[in-house]
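Chain IDs A, B and C follow the sequence of writing; residue 1 opens each chain.
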Amino acid sequence: MTGKLDRGPARADILQSLSGLLLVLFIWGHMFFESSILLGKDAMYRVTRMFEGEPLFGKPYPLLVSGVAAIIFVLIAVHAVLALRKFPGSHRQYREFNAHMGAMRHPDTTLWYVQVLTGFALFFLASAHLLVVFLQPDNIGPYASSDRIWSGRFWILYALLLVCVHLHAGIGIYRLAMKWGPIPAAGSKVARRRLKLAMWGIIAFFLCLGTASLATYMYIGRDHAPHAGERYLPAHQQALPGNT
Amino acid sequence: MNRIPLRQAARTLRIQILRHNPRDPDSQPRLQTFEIEEADAMTLFIALTEIRERQDPSLQFDFVCRAGICGSCGMIINGRPGLACRTLTRDLPEQITLAPLPAFELIGDLSVNTGKWMRGMSERLETWVHSQNLESLDIDAMEAAMEPELAEQIYELERCIECGCCVAACGTARMREDFVGAVGLNQVTRFRLDPRDERSDAAFYELVGDESGVFGCMTLLGCEDMCPKDLPLATQIAFLRRRMAATT
Amino acid sequence: MQIIYTDVLVIGGGLAGQRAAIGAKRRGHDVIVLSLVPAKRSHSAAAQGGMQASLGNCLGAAGDNEDIHFADTVRGSDWGADQEVVRMFTHTAPKAIRELAAWGVPWNRVARGEREITVDGQRKTISEPDAAHGLITSRNFGGTQKWRACYVSDGTGHAMLYTMSNQAIAANIPVHERMEALALIHADGRCHGAIVRNLMTGELLAYVARATCIATGGFGRIYRVSTNAIINEGMGAAIALETGVATLGNMEAIQFHPTGIFPAGILVTEGCRGDGGLLLDCNEHRFMPDYEPEKKELASRDVVSRRMEEHIGAGHGVKSRFGEHLWLDIRLLGADHINNNLREVKEICQYFLGIDPVRELIPVRPAQHYSMGGVRTNHRGESPQLQGLFAAGEAACWDMHGFNRLGGNSVAETVVAGMIVGDTIADFCDSTAGALQLSSALVQEFGERERRRLAEIANGKGRESAFELARLMQETMTAQVGIFREGERLEQAVASLQELQLRSRNIGLRSSAPGANPELVTAYRVQRMLKLAQCVAYGALQRTESRGAHYRADHPRRDDLNWMRRTLASWPSADARLPVLTYEPLDIMKMELPPGWRGYGARDYIEHPDTGVRQQQVDAIGGGLDRADRHTRQEALMPFRHLLPEHLRNNNERLGEES
């Protein structure tokens, strides 16, 4: 054996997949928390407070949210830089790939292209979203978010983000499974068919969930538009005398 | 009881072929259409031979065993790579488009230099049993025993015929010329599995532990889906990726 | 013209060529291999069934050894083989397979314990011994007393060729692919290399070498229905013939394989029958036991093929729109066995017939399969007439197959002959005779001759179509020089081939595309193939007996009295319309196994007076040594070890037998 192995390529590949996996897990969790609005404004309010650390420290620290946003941003940056290596790097490569994809009409090849496109879009969409969260971590809540979405017209950004991120995440998880998964060769065809089915199922589920939440925020935002900027008070506080 | 399949009315096939003779300075890549009468049990081998003998004797293509064993006749059939010799025309529409396998040097028309590519791959990945004592073997003595299942597993991976379909089906290989392709990665797993090969994982890492090797694969799975021999390429590449990622 | 110098030029990148190349290279000589196609695509890759070597590991092979392999091979050859060569071969085959095992071939192995097999249409359970666990196993093949065909599923040739090619790559042996040898350069009985055409550019080159080895495989494509690859056009044998000096041996000995799928002629392996498959007729009646009660479906190939044609002739064929055929039934082997051990067969049925052999019958009919004849060599693989020319593999008539080759003996021959010839070549190069000695004028002269020949075709104003001539030749051979031969039809064939040969001087081309020009390729090959075809037809016409695969309906008996001799064909004058045939006697008085009944097929033959005399001698020598071990006894009958390279002379170790 000559000298030491260059572990760089292995690390890069692991890191690309790991960052992708973490992001997917995050986004899926994020979806459930975000969609707490479907259970009512109070539910969402509680979730927000939870993330600001209130249950732990007794009072909310919005800076925590900025912290999470920063971490996710770093993850995305790492992931994007690593994934960018796989993008067609020249016009020739782009042309070759396009011709190839067009002729083959091969689903998994096309899905990769979808991932490249959505990934590229995410770079901007996710960054924009994260930037807002990072800069205004305290500005999250049933009314604050709804106002941003409706009155601030952020629903356009979120609708795009929703589609991109779930296509990207769903396909990404399927790819991760095929890329690393210890699937026994004997049943690999069946396993792959099931994974593919699961992928579409998951994508559909999250798109529905996300659309429902976004619609809810939009309704709330529209109703709340006249008072845009006012913060939400949870039900138990609303009931307290002297607070109206 | 089976019968040799019959078809009622014969179709007229329109076979469109991407033609180009790089040896001829006047030749430009172009599509040329040939019409032939379909026959029973006609394969693309039979159809192309007939075109050459009756219509255009300059048409270039490669067939050797014409039985799906030697891997010579890989070409793009209606957009996808496959072995022409065992493609029955009755499984294709009347309009058939044939093109040479991309990613390989073009010799002429449908003939490409897969041999040169594969030899390069073999030299680069050293696809042979590496063992200290090959030169001083005692061939009078009993052969070393091997578990029967292991022998079968090795053969399972050895079934590759180096036809090049996996390379032509691979988006990565299309973009990056130095990518070793599923054919190369599969052969590495074949030798890694073989106890007669004394190489360590670190040695294999030196061969495929980079972007032109296993870490370049983007898991587009064209190889797995287009392999004429149905090799378990996806699981083999995943396996190799795990082993290589764990190598230090 | 570019000239490339090397010590050894091997023409042919199949198993034989590459093994010979590795042998010579290991002895320190520079080697270049030429091949029409990438080496791994050579037709050796198509061998499915197995390689014979008497390892004797599995239960069905227990007790096997070189002696039994020898006897099977000689009987299979119908006593046409050179028995010394058969001894050299059977002795070296176990070494060859063990070498390949170490090099990486994943031979199927014996698994201890019980398993189910199919014998004679019945399911049986057998139990393999512990001691053999993990050793190379083998399957039953036609014409053998033991299970001797070692195999890798049904991709034996593929696995062997890939391992061999990879070892050649490891040894850094260059293979010049898509290069076709067009002529041998020779003068005064010494061969100096070859004029070669680049099949990609059309350019001519000269390869000048101290030793030249022909390993170009068979020439099945002179027939219309053949299991052979379409590149098996016999150009190696043809260019040897065209020297006018070297001879071709036993060209009339052509093997027909019983189970080519109908009508395409693609082979399904003998392993199908070896593993228990049956032949059925139009009534789904198993007919082979009616003709061959002892060996049934597993008599030698010549016998089974003839019986099949006979049965069709008697009106029991299955009628189809392409003509008549019979059925091969492997359904009884079960889905598991077919899916694991006969997968290639399953794929072929699926892709070319659209049927599933697990549930359906396979339409089969005998098809041309193997050429026992080829470039005549001595036991060391050297042409007796042309110094510096060697041959190995199917292209050679080393003569271990005589008039019929046993299944599995061919890939074994390629490797064994490669091992032996590789050494012979190295010895030759090391000797003074092997020094390079030729004038560049000679090279230019041969290059110019070939260039002219090509130009004549390319610029000729002839009207004949090369494709048409090839088709007519193939039809003639299949119709008139096939399984059943007969004087009058052979005469017609010879006449038709002569006419085609004349016409072939008048070929005109429609295409003048620069580069490979496939039409030009067909044109120059058909001229040469016609000569080979004529050697086959004319040799068959002259041989007025039936021996092995050569069956004359008008001379149905084997005639040891007149025909214990090998046909040698040469073509001294380029303009001649027939080959010159001479005959080389086979000396019964030197045979270890004097002629007799094969154990299957026809029982009556015309005996040679020497046979009785020699048999008595053999019995006496054997009787006198009945206490000695088998090697001593054998040595007393017909010594052969001195003919082998030294490192191949030792005994082979076996289970229960020390080396």
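The working rule: contacts are C-beta pairs under 8 Å (C-beta built on N, C-alpha and C of every residue); 3 or more make two chains touch, one makes a residue touch a chain.
None of these values were measured; they are calculated from a predicted model.
K.L.:
So with touch defined the way it is at the top, what topology do the chains form here? Options are line, ring, star, complete, other.
P.N.:
line
K.L.:
Closest chain to the overall C-alpha centroid, by per-chain C-alpha centroid: which is it?
P.N.:
It is chain B that sits nearest the middle.
K.L.:
Counting only Cα atoms for the centres, state how far chain A is from chain C in Å.
P.N.:
Whole-Å distance between the two chain centres: 66.
K.L.:
Please work out the Cα centroid separation of chain A and chain B, and write it as a whole number of Å.
P.N.:
40
K.L.:
Express in whole angstrom the distance between the two chain centres, defined as the mean CA positions of chain B and chain C.
P.N.:
Whole-Å distance between the two chain centres: 28.
K.L.:
Taking the complex as given, what residues does chain B use to touch chain C?
P.N.:
Interface residues on chain B, with respect to chain C: 1-6, 21-24, 40-41, 43, 52-53, 56-60, 62-72, 86, 88, 107-108, 111, 113-116, 118-119, 122-123, 126-129, 131, 134-135, 137, 139-148, 151-152, 154-155, 158-159, 161-162, 191, 194, 196-197.
K.L.:
For chain B, which residues count as touching chain A in their complex?
P.N.:
76, 79-80, 102, 156, 169, 171, 174-176, 200, 202-203, 205-206, 209-211, 213, 215, 217-222, 225-226, 232, 234-236, 238-239, 241-242, 244-245, 247-248
K.L.:
Quick check on the complex: what are the chain A residues that touch chain B?
P.N.:
Its residues touching chain B are 1-2, 5-7, 9-10, 12-14, 85-86, 88-89, 93, 96-97, 100-101, 103-106, 108-109, 112, 175, 178-185, 188, 192.
K.L.:
Can you tell me which positions in chain C touch chain B when the two form their complex?
P.N.:
Result: residues 26, 37-43, 45-46, 55, 95-99, 101-104, 106-111, 133-137, 152-153, 155, 158-159, 162-163, 165-167, 169-170, 175, 177-178, 200-202, 229-231, 262-264, 266-267, 320-322, 340, 344, 347-348, 351-355, 360-361, 363, 467, 509-511, 513-519, 650-655, 659 of chain C touch chain B.
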